[in-house]
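Each of the two complexes below includes chain A, the first together with chain B, the second together with chain C.
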Partner chain A sequence: MMVEMTDVETIGRRKYTVILGLALLFASLPLIMVYFVLIASSFANTMLTGASLGGIKLTIENWILFFQGKLTTTAGKIYETTDILKYILNTFIVAIGVAGICTLTSTLAGYAFSRIKFIGRSFLMQFLILLHAFPGVALIIAVYSIYVYTKLSMPQSFWTAYAFIYVIIARAALEVPMSIWIMKGFFDKIPWEIEWSAIVDGASRIRVWREIMLPLVKPGIAAVAIFSFLAGWEDLIYVLVFLPPTEKTLATYIESLLAEGSLEFIHLPVVAAAGTFYLLPTILFFIFARRLMLQTATGGIKA
Partner chain B sequence: MAKKINQLFFNKKPVSGKRTALALFLGPALLITILFFVIPLFMTIYISFTPTKNWNIQKYLGTFVGLQNYERLFRLITYDPDMRAVVITTIVFIAITLSINVLGGLALALATYFIEERVSTTYQVLWLLPRMTPVAVYSLLWYYFFHGTKLGILNNLLLALGVIREPISLGTDPRYLPWGAWLILIFVNGLVGVSFGMIIFYSALKSIPRELIIASRVDGASTLHLIRYIMLPLIKWHIVFVTVWQLLSLLTSYVHILLLVEWRIVDSSWGQTWALFTFRTAFMVVKDQGLAAAAATILSIIGIGLGLLALKILGYREMIIEPKGDI
Partner chain C sequence: MVRIKLDKVTKQFGKVVAVNNVSLEIPDGKLAVLLGPSGSGKTTLLYLIAGIYKPTSGRIFFDDNDVTHLSPSQRNVGLVFQNYALYPHMTVYDNIAFPLRLKKVPKNEIDKRVQEIAEMLRIRELLDRYPSQLSGGQQQRVALARALVKNPSVLLLDEPLSNLDALLRIYIRTELKRLQKDLGITTVYVTHDQSEAMAIADSITVINNGVIQQVGTPSEIYDNPRNIFVATFIGNPPSNIIRGVVERQNNGRVCIKVANGVFYPDEILSGKIVKAGIREVIVAFRPEHVIVAKEPLKDHLAIEGEIYAIEPLGRETIITITIGSDIVKSVSMVKEALTVGEKIFININPKRIKLFDPETELNIEYLE
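The block that comes next holds the complex of A and B.
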């Protein structure tokens, strides 16, 4: 009986898989092509954008040049060296900072929204959705004004550190509303009985959170940590606005390279290597956490 | 033991304990939200009534000029062709990209619904890739694609097909403006946007009771009938929600566009949307924060309106499960 039912329901699923699968493949061609060109060009002696693909050789020279910071030339083969390792480190610092702040605040607040009754709870939850959708460009003008104002009261030697701290907190703030919603969802799934028995035994809410709930919401913590890490890792605008021009990340470096440099002095396959390296966390995430991504992707980033 | 019984049956647990716990749980999130959302929002509105420029906050923040910035903004829209280009670009860009995002998302969701799961997952993951790609890399991909020389992938394709004889700069050549620039913006943003609709619609389709679909199949409904009379009516609120939410996103997104303008792939006046105009006015070109704040305030009002509408559609009350009990 069951077999018959699924047969009726899935009528023609085989047939559709072939036809629709091919249609989807056709629609996906531009996407497949641009990603292929980026990654493959980073291993080639010339950009793979040309129609004639003759004379292309496989090489890892682009990657060596990238890690040496040799992305632009002054003339011929004389390279200008940039401190690319510092830029990579900066990207990491921002990403890890954003992930840390986001994970901590949302693990705390997500628990409260899931488990504690308090006045204004429902209002605050809706307010968070509004904040998540709020135009970031409207906030950054004021956020930068506050930064400029507070910076002046600090000793000049502290300015760079202050810029990093500020950019991390300000960027994390953008991810906090959605992270709280994601964490709340994970807390909601845990049965109440476990918590009740602990509270009956006299444990405080804080102890219950730390010793019983935290180990149970590890997947949620991982999801929020990964998403906020990627948000910090990919950030362009906040880093561009707040960090001094000497402190670049991979995003602002690639941005300034193509904005200021003339194409005669930039070796594009090395830029492709930089882009591919910058894409690595996303690729790793896709390989190891596909299911997690399909579940939570639309919450994290908007477009 | 007596203490526990007291707590359980007479609710004698000190209230201050709950307050401390709440303060600890909510404190950090509230602090960040107030410092980086609530205060900045009011401050942006305030700045829009001051003549602040060049970030000289000490000098200008005390001066109040009333609606002067708003008047300047509307005068610019009326008389300045570049500003009018911003308004027209914003409207065209949003209208077309929004249709592509919603209809494309629906098409992808339906297509992946009707095929076998292992094939459909692969495509869904592929279409999510742009959303998860760092914005600088994603723009770099399209830099290579639309580049105006023989380096550009598109130019090579068109040359090989014999459509053009010389490489073209689609986004900046006056001959193709404004549509050349718009086409690029729509294409680049459309490919990111469709995945949102795809995920929402796909999970909505999956939650339609199987009995409904089986019953209509037994009655001999064709796939088109099934979509038209069963599926679309059932996910109609999801479609409305995605439309509102994507409208809001498109209105406020500008980072890809900023890079494509900076990298000279699209024209700086026909490739500039309202959000990008706001950002560039505050930070890049003229550094006129008063004017930018006025533009930002208008954007915020529209944003809050659309956000409230989206909340209403979501039926938030059903989404928020009440905590079962407090001891």
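The block that comes next holds the complex of A and C.
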């Protein structure tokens, strides 16, 4: 009997791809359905709760209400307006603040860990892992006591601003160890010769860092910026603890909507819109960052 | 252009001595090759000249200026790395212009010089490309252009041909030699490839374990190796090596027994052996000086052996012969038909034989 010859590898791959794909689909189906319900509900006149879709109308009213800040009702269709734009802005302030601090410190520290020999370097590297492993919640009492202590020495008019600065720094501190590790990895990949070459050409160390090294670790910087932005964007506990009750972020606001007792005052599809909006950065970053992170500038170096 | 002088330079990395008490002078405008196996310290020595490494002790001079404590840029050296180390995010033009921009050369002057050097190295049409879009040979030219554009007083090349394919290597080798002569720039060229060194060098410095083994012109190094290391490192295949026993004769001279053969060194050599009281020697001779014949030749060191393998290379043939447990290689144009396993004689003209003291590994000719 004649058997058609095929590349061994190809047969295996195709089979596995189908099986793997199906397995992943089934495994993630519950998660996909939850997100689908969330996103679909934000465009519906009522919350999708069952399999039947009868009587459901497509609408963007939820989104309009969300941006107007009309999420909670006092009676019937009369809404209590919240300053949702301020909350969105707050979320951005925290997220961008965390991303900024993380990116700056980790590109500097990552370079140092990768390139400069100093006493305690390997100990510190290991210590960073330990720091990263500590859950942020475990530290919150100590962090809070420092907060209260330092806050009292500030003028009262500065307290709100200080709360923001504090929450940004405290949250960034949790992200910095991992970010340094990521950046160190990217710097490690650049051959010494490139740096030496620039030094021989007459560049100072700082200039080498700025003009040669930074452009080459762009994908790393993007990765760190995205991860730390999302960490800031998603943070709940630190924002809840440190920001004054009047200053909410999307996370704490959505949480407060669902808090005990307030559930009966809200129109759930609008909250679904809020939830979907809250997901947006993650979705956007996934789309754009995927290619960015895979793309590393190589060439001009032969190993 | 400058003369480079190293004065008792030592470089240690922790406990490892990479370069050990090296003194060396490279004359102005010459091409000096640092030749050694990997890990011999030749690249470290190059980086010491470049200023990337600072010597643990000793001093480095460019002409009469002590540059030991100057930074690489203050030394004004052009350096081409083994992996070229082009800046991947810059175009070829920006790569070449980079050293000039750092020197704050005016823009139109930069443009003029980049165009000039690109013209000279025939890479003008590549100026807009990125390094990743270039072939190995092109990247190498760009690296060379970047090193030369700042008019360095010294050009340093670290294994510049090792990443190119064999044909391109021979072609670029010729180009490099010509370019160096045209520019008259003092050049230090690091390689582990002895044939490359022989072909390109004005002078070769053989290094092993961080210590200079011999400095000389290619023919000096080839014809008169100072020690066993140099004799066996240079040449392809390298020198053959067999132990020989010294026997005194009634006339005061010596004869040397090698396996089943015997030969008589000349008077001067014989005198040196007697004076140093050497009883055993290492006999070395080049494969191309081995005459394979069915009969022993007169006035030659003739040793009987058995053919182990025959490798025809077209222009010449490498014949491997076993003599007891020793292996001898011969490179020649074979006229007779030989077969593996055949008993033959290898014949070597005594004038071509080098003798080494097995203890010091030194060439006996070099003894006082």
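The definition used in the following text is that the second predicted complex is superposed on the first by the 258 of 303 C-alpha atoms of A that agree within 3 Å, B and C clash if a C-alpha of one lies under 4 Å from a C-alpha of the other, contacts with A are read in each partner's own complex, and residues count from 1 in each chain.
Here is the rule we use: a contact is a pair of C-beta atoms (placed from the backbone, for glycine too) under 8 Å apart; a residue touches a chain by one contact, two chains touch by 3 or more.
Small disclaimer: the values here were computed from a predicted structure and weren't measured.
By the document's definition of touching, both partners, chain B and chain C, reach A:Gly202. Using the contact criterion defined above for the overlaid structures, shared-chain residue A:Ile266 touches neither chain B nor chain C, since it reaches no partner. Contacts of A:Ile96 after superposition on the shared chain: neither chain B nor chain C is touched. In the overlay built on the shared chain, the residue A:Ser122 is in contact with chain B alone; chain C does not reach it.
Of the two partner chains placed by the overlay, only chain C lies in contact with A:Pro191; chain B stays clear of it.
When both complexes are overlaid on chain A, the residue A:Ala289 reaches neither chain B nor chain C. With both structures placed on the common chain, the touch criterion links A:Ile56 to neither chain B nor chain C.
With both structures placed on the common chain, the touch criterion links A:Leu216 to chain C but leaves chain B unconnected.
Contacts of A:Ala40 after superposition on the shared chain: neither chain B nor chain C is touched. In the three-chain superposition model, chain A touches both chain B and chain C at residues 196, 199-202, 297-298, 301-303.
Within the complex, the chain C residues that touch chain A are 47, 50-52, 71-73, 77-79, 81-89, 95, 98-99, 102-103, 130-134, 136, 139, 146, 150, 163. The residues of chain A lying in touch with chain B in their complex are 5, 8-9, 11-14, 16-17, 20-21, 23-24, 28, 30-35, 37-38, 41, 47, 49-51, 101, 104-106, 108-109, 111-112, 114-118, 121-122, 125-126, 128-131, 133-146, 148-149, 169-170, 172-174, 176-177, 180, 188, 192, 196, 199-202, 204-206, 209, 230, 233-234, 236-237, 241, 250-251, 254-255, 258-259, 263, 268, 271-272, 275, 278-279, 282, 285-286, 290, 293-294, 297-298, 301-303. Contact residues on chain A toward chain C in their complex (touch as defined above): 191, 193-194, 196-203, 207, 212, 215-216, 297-303. Interface residues of chain B, counted against chain A in their complex, comprise 3-4, 7-8, 17-18, 21-22, 24-30, 32-33, 35-37, 39-41, 43-44, 47, 52, 55, 57-58, 61, 108, 111-112, 114-116, 119, 121, 123-137, 140-145, 147, 149-153, 156-157, 159-160, 189, 191-193, 195-196, 199-200, 210, 213-214, 217-218, 223, 245, 248-249, 251-255, 258-259, 262-263, 275, 278-279, 282-283, 289, 292-293, 296-297, 299-300, 303-304, 306-308, 310-311, 314, 316-317, 320-327.
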